[in-house]
Amino acid sequence: MLVDRVAQLHAAYARAIDDDRLEQWPALFTDPCLYKITSAENYRRGLPAGLVYADSRGMLEDRVTALREANIYERQAYRHLVGLPALDAGADGAIRAETPFLVVRVMRDGTMDLFATGRYMDVMVDEDGTLRFRERVVVCDSSRVDTLLAIPL
Amino acid sequence: MLVDRVAQLHAAYARAIDDDRLEQWPALFTDPCLYKITSAENYRRGLPAGLVYADSRGMLEDRVTALREANIYERQAYRHLVGLPALDAGADGAIRAETPFLVVRVMRDGTMDLFATGRYMDVMVDEDGTLRFRERVVVCDSSRVDTLLAIPL
Amino acid sequence: MLVDRVAQLHAAYARAIDDDRLEQWPALFTDPCLYKITSAENYRRGLPAGLVYADSRGMLEDRVTALREANIYERQAYRHLVGLPALDAGADGAIRAETPFLVVRVMRDGTMDLFATGRYMDVMVDEDGTLRFRERVVVCDSSRVDTLLAIPL
């Protein structure tokens, strides 16, 4: 079932981040790919993503390396809650989906806060039996984004 | 698959509200229909819905018009996270489901808060191949509801 | 479909707690079973669960009795939002899944807070056509847990 395969890919993505297995995150994308984080306002206006932009697995891997050097995961953890994907299978064999998400941040001292909400605008393709993101555009609802934002969403 | 059709209807509902396409929201209901927002306490006691009540598409459309005139969406946005529906297909061909939800409100300045949680008590029917809500009763967990509540939940 | 059966079991579990029908909660487990609540840190280190531990339906029923005597549900309610399960069907016929969750607490006066986030590490088995939890390990993200924590998660 298509919807189940999409759900499993979404779950694998969230687990790679939340379980601190970031090194497995780039392999969920095709190479080349498109990954960016933007705000709803910039997205609506067609403005370029201000926050994060990557168009290859190499760039995603560089980001993971930077996060490891910054020891971000020593100080905080994340929990993604991903909603129901609205699917749209295109004529080109690619699967398009829009999926809402919510991320809670858990600090080292145990405090939790609502970190981000938004929607994933995805294009997924099958590569030899494995579903991967050809594009994942993360559209955050809030235009006020933590300036220290470095982790993937 | 039934559960997938239900999930797609739920996703379409949430997107119409969260993407500020309210004009598409009434068409997700049959006509006549039943739409109301109530609290868990009123629901348990069998008291009438205090907050919102509509029994036709026309009433839903009136509500959208009122929201547009009040410019609610200029000041705030919403993000629905909808959980797994517990399904119950009735003998009359209608589908009953209870589905938990959570709504985050995002203010214009970027602040986010937990706006509402609760469950949808739905009756859905197939109309010429399109699944629609014949009833959607929104039962909010909190009895303290924002008195300015005007947007659909 | 396997994923649908798992989703329905998850939904039944959350509803039993959130709708204050705790008496129906133990029957969602096999007997004997394993139910525990632990923190991500203890889980990672392989330390024993500090919070809650039960290995039979009888122990789960005792917990429900204790909650009823403490009148916990007079003062607060809960809302579970459960994410997409990442499934892994084992060779022994048991189904393993990891599923993220978020729980909101709603106090009697209407205030809401983010109570817990984490993931369920489940082993489910089919017993005469009914899917049940043989194991449910609740791994909370935060190590700071409400010391009054008594309700099931």
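We call the chains A, B and C, going by the order they appear; numbering starts again at 1 in every chain.
Throughout what follows, contacts are C-beta pairs under 8 Å (C-beta built on N, C-alpha and C of every residue); 3 or more make two chains touch, one makes a residue touch a chain.
As the structure is a computational prediction, the values presented were derived from the model and not from experiment.
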item: Interface sides of chain A and chain C: same vs different residues, half threshold; value: different
item: Superposing rotation of chain B relative to chain C, computed on C-alpha atoms, to nearest 5°; value: 120
item: Cα-centroid distance, chain A relative to chain C, in whole angstrom; value: 27
item: Touching two or more other chains - residues of chain B; value: 1, 81, 102, 114
item: Chain C contact footprint on chain A (complex, rising order); value: 1, 4, 7-8, 10-12, 14-15, 18, 77, 79-82, 102, 104, 106, 109-114
item: Residue numbers on chain B that touch chain C, as the complex places them; value: 1, 3, 40, 81, 83-87, 98, 100-102, 114, 117-119, 141-145
